[in-house]
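Consider the two complexes below, in which subunit A is the common component and subunit B and subunit C are the respective partners.
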Partner chain A sequence: MTGRVRRQRGESALGAIAVLALALYALFIVTPVLMSAWKSLTDENPLLAHARFVGVSNYTDMLHDDALKSSLTFTLVTALAVTAVANAAGIGFALLLNKTSLSYRVMRTVAFLPQVLSGVIVGFVWRYILAQDGVLNHLLLSTGLIGRPVTWLGSPHLAMFSVGLVAAWVLTGFTTVVHLAALQSVPVELYQAATVDGAGRWARFRRITLPMVAPGTTISVTISLITTLKLYDIIAALTSGGPANSTQSTALYIINLAFTDDRFGYASAVAMLLLVVSAAIALTVTGLLRRREVDL
Partner chain B sequence: MTALTPTSSTAAARSRTTGPADPADPAGPSRSPAAAPARRRAWASRGHLTAAGLLTLAFVSPLYLTIINAFKSQDQIVRNPSAPPAPPTLHNITDALGRSDKIIQIGLTNSAVTVLASVLLVVPLGSAFSFWLTRRSAVFRRVVLAAFAAGLMIPPAVVLLPTIRILTILHLDHTYPGLILSNVGGGYLSFAVFVYSGFLRAVPGEIVEAAALDGAGMLRIWWRIIMPLMRPATATVAIFLSLWIWNDFMNPQFILGPLRGQTITTGLYLSLGQYSTNYAQLFGVMFLAAIIPVAGYLALQKQFIAGLTTGATK
Partner chain C sequence: MRHQLPSARSTRLLAAGLAAGLLLAGCSAAASPGGSSGSAGSKGGGSTTLSYLTFETPSLTTSFWDTSIADGEKAVPGLSIKKLIAPSTDRDAYAKQLQASGQFPDLLQSITPSTFVQAGLLKPYDQSWVNANFLLPMGNAYKGKVYIPPTNSQIIPMVFYNKTLFGKAGLSQPPKTWADFMADCAALKKAGITPIELGGGDPFSASMPLTGILSADVLGKDPNWLQERYAGKVKFTDANVETAVAKYRTMAKNGYFEDGALGVKYADSITNFTSGKAAMYMMGSWFLGSVPKDHADDFGAFMTPTDDGSLVVPFAVGGSMAISAKTPAPDKATAFAEAWSLDPANYKALIEGDGAFPMLKGKTLADYNVTVSQVFKDSYAYVTDQNTKVSSIGWASNDDAMPSGLNDAYYAASQALFSSDDVAGQMAKLDSAWNAATR
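Now for the complex of A and B:
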């Protein structure tokens, strides 16, 4: 009897904590998304006393917004390119470091370090490296690979490339560790059997390694995509979105619309667009990769 | 590595960098045990080590620059950016620590308080909630977990503006409690619930039932039995949340605002503007800003990698 009473008491205390967790989630995830959805239909602006309902006009305005188009293109292209490069590099790096001796363990530890730094530090260090009079140009000039300094961050196309390079650099530490973990679960007997059957290195890599690490790849690709789709702090420190808005990610564009232009309503509409696009991409790619896992 | 398996030479060359690594290399046992291949193998593994070492060095060279330039004068940095400090100077570090606005000391304190408070709230909340979830119906559990997973995918910029509005209504805008509360309720709780739920799947229900038969309440079972069992999950959650909250830039920048003190990350961003050409000062500040997460990672890297890989391969 006392047991049951105490159990119920414990259950309700645990239930109270659960309700608190659900309430916080509702307050800081669900409500903000709903508020964004609602605000996206208004002309809310901190300078106006009352926001008016404007229907879908924020959404139709997007069709003529070149800054939005360029930010979205930049975000999508970077997300796909960075994910591809970081994961290819991660698989390669993982294969190279997949040994147990001390020096390889040290290398593995070191390879993850970029992930530990804040995006602001990463952005600044690379700004210093890629500056016109920076280390990279210094190095390339002294080896005679280039004749005059390259404006890595000064011209739109190169700046986009540079931002992608830096984002891929950070993510590679993560993709390497995930693939290393996946590699360690591949049974050696599979390779032995394949070798006996006359499979070469490339065949073994394609037919055994890649399929066996596929679940790791799925996670690694999904997280790479999600991370790059919300890229903000690295860009803020590296290029601030310039030159000529060429590296303005959609996240950065939303922040600028809200905090520089005071266009809360329109910023909310762009936020909804980013939300839908991110969800669509993440779900599509994860779905495709899952199916590939099964097929292989 | 010499390819002794019957492949074309181009395939062998191509796969030299991508082929499976040596100890796991199945070609090993099939090779003839003669002396020549053994010697060749030794050379190959030395070559592999050299290649891996060079690549790793190139990969982390930006970090090398951050460290050495923190100990060089402005003049040394500009004249020879990649040379080691000769002689090393502590001026940048002492100057950064001696600033009259105490940006480093205040930033480190504020970041530490924010991280500690957020983690101390998210860990029990996430773990108790996940345990409570295991006792609900499968459908309910699946729906809630899907909703929390969605929380992980939402770009922070999407919820930032309404979050600030909600904090204003609660009179918590531009305050640390506001920042901490939005940390606790936002994507970080989602992450904790995700990790804990994954771990709880491996905990047999009999343990809980046996304890309940002995008369223990659910709260007590959670605290005395589940929490100790989930120590690895707690380590994962605490380590990753600490790192993310410490490095977070967007939330402190906009939730605290420019006038309400800084975390180390926003303080660093401010210094970026102030010192845009004084590299010596900036590298000093960056070194101090990076030293705690890096030291923490190096000290805990085993748990770090373990947490990452269990999370990722599950």
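Now for the complex of A and C:
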């Protein structure tokens, strides 16, 4: 068999795999999105066999939906705050763990653990930690830092903070690993040369580390944002969206609309809105960060 | 060459085959809406398997359901029941998910019929059978038909109180009027005792005080209020409703609930109250199943007081199971449901463990061979006595049931009013949610 024939067969096999991948993508991603787009133009109810075409009325209804507005506000604020905190912490941890010894490798694995845990498990674990008589309050009370239990999940503002804290904890595992991978590709010679030139720690971090890990930061920030914008499982287990819907993310609101309020059509319209908002934010942020990579 | 790479053509065919297979699998997994999961004749010898949606609580355990199902199966030869367990106590939501995925159960325990009847998913019971067996045959009827046998009832909420803690605050008897109630709360607080336990971390539990006040003040004066709300004749923003809701806000503002109440889970609130950490607890009568047996006499119960002291009982007739209109074996499903609904062993478990008030005709508590506390007997008397019973707002499963999704908005308003003075704003939100849900 000639090399040319082998190459042709290899390319054909790759083509077939690509076709399969595209078919799967079309089946599991494109089709549901298209179906959701269609349903958003109907008054579909999960209990009824037939739905009516209602045009864009689901979309115009969103303009007067206060619950949607507050869920979007909560989602956007949480996404921005969690992304900022998780990425700052990720860079910090990555700098600390950027060593080659066994103990550091073990610590890296530990740092990544939250990311591999199911969101539901994370939610339940943190519910025990943050409960009125939970681990955190016991700890703070026993050390005398507080005089009475803090209602971490029982007051709207603290519950919002708690959800953000838990989401940031989970994402920090991911951002640490991404930044660590980026850090390990920075040539040591750059630091050595900078040190010879008299650059201090901050200058080395600002002028070498940040620019060199910038591509990793772009990926990390974008994925953190997208993950937080569709946050559902952690919230469902931690607060169920309460108290008083203060931690109801848009994803949780969509589920409630569909399965509690029986408004599949409207829920689909809100899902389309979330899709567009997420895509717009992701594209904008990616564009800005790529431009920043060049500037750095 | 035996182990050569497949040709490009065969690879393409394989890929196409896989994709087609996946597509077909995807299509076949999406069953048609309204499908029933039961299978008639699925076993040899003409036996039938039907699915039955249940739910578990600390009182209604796996063992209870398994035993009660086995007893029901014995009463219907050739029937086998496949038990489904709702992942939470919200049976309605799970039943909707099952319906959406084409797996609507044949039998559904303690769901809210109105939601499903409108979609033609439930089959009504034979009215003569219902009339012959139950004290209030139309107690949970929806549009004139009974979809769930009215086997038991609840009062939601009652105000349970700890007699010892009342004594410590110098209170010798429960309050009669709202003014007495507020004075007692103040006296308890002054004595260093938390007046009212509230498991506000669980939305339904957070709404109990509001349910008590609205049922007493609004439905007590106008028992048809919910029907009138459907007709658009009254609103949550009406002055009488806002005045009633303001009472709840006053309770929260005056610090009559447990500290950090919105962070307390329902299960913890039961423990807190039964262990003497608060003097009162507004909860459904199912709490009677949690009254500690070793000092049950420490506990008493009264209704949410009204301004003039008149007695209003917020009442809900519940029941056993609904039958799917699409079940492949309606006769066997009905026979099982009827046998289960009349089985004395089930009543014993429901009374002792879940504080259910039995509604079978011609029976007294002694007939169920149950051991219950004095507070249970006193509470049951509110059911059997002649008095003003009104639908417990948010809990009725008859024509007074709130529209789908409204309960969540109602619970959220209860939690919001714990820390917000905006009564009018919250009531406006409820009106808006009602309008959206009934559009």
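Here, the second predicted complex is superposed on the first by the 267 of 296 C-alpha atoms of A that agree within 3 Å, B and C clash if a C-alpha of one lies under 4 Å from a C-alpha of the other, contacts with A are read in each partner's own complex, and residues count from 1 in each chain.
Convention: a contact is a pair of C-beta atoms (placed from the backbone, for glycine too) under 8 Å apart; a residue touches a chain by one contact, two chains touch by 3 or more.
Predicted model only: the values in this text are computed from it and were never measured.
Looking at the shared chain after the overlay, A:284 reaches neither subunit B nor subunit C. By the touch criterion stated above, A:196 is placed in contact with subunit B alone, subunit C being left untouched. Once chain A of one complex is fitted onto chain A of the other, the partner contacts of A:27 extend to both subunit B and subunit C.
Of the two partner chains placed by the overlay, only subunit B lies in contact with A:104; subunit C stays clear of it.
In the superposition on chain A, the chain among subunit B and subunit C reaching more residues of subunit A is B. In the superposition on chain A, no contact is made by A:73 with either subunit B or subunit C. By the touch criterion defined above, A:256 reaches subunit C but does not reach subunit B. Applying the stated contact rule after C-alpha superposition, one finds that A:17 touches each of subunit B and subunit C.
Of the two partner chains placed around the shared chain by superposition, subunit B is the only one that A:139 touches, whereas subunit C remains out of contact. Common to the subunit B and subunit C interfaces on subunit A are residues 9, 13, 15, 17, 20, 24, 27, 31, 258-259, 264.
Those residues of subunit C that touch subunit A in the complex are listed here as 5-8, 11-12, 14-16, 18-19, 22-23, 26, 32-34, 92-93, 96-97, 99-100, 115-116, 118-119, 121, 200-201, 203, 206, 259-265, 268, 404-405, 408, 412-413, 415-416, 418-420, 429, 432-433, 436-437.
Across the complex, subunit A is touched by residues 3, 5-8, 11-12, 14-27, 29-30, 48-49, 51-53, 55-56, 59-60, 62-63, 65-66, 81-82, 124-126, 128-129, 131-133, 144, 147-148, 150-163, 165-166, 181-182, 184-187, 189-190, 193, 212-213, 215-222, 243, 246-247, 249-250, 254, 265, 268-269, 272, 279, 282, 286, 289-290, 293-294, 297-298, 301, 304-305, 308-309, 312-313 of subunit B.
The touching residues of subunit A, counted against subunit C in their complex, run 8-9, 12-13, 15-17, 19-20, 23-24, 27, 31, 45-49, 61, 66-67, 131-133, 148-156, 240, 242-245, 256-264. Residues 2-3, 6-7, 9-11, 13-15, 17-18, 20-22, 24-25, 27-33, 35-36, 39, 91-93, 95-100, 103-104, 107-114, 116-121, 124-126, 128-129, 134-135, 138-139, 169, 172, 174, 177-178, 180-183, 185-186, 188, 190-192, 194-196, 198-205, 209, 215-216, 219-220, 223, 226, 229-230, 232-233, 236-237, 250-252, 254-255, 258-259, 264, 267-268, 271-272, 274-275, 278-279, 282 of subunit A are the ones that touch subunit B when the two sit in their complex.
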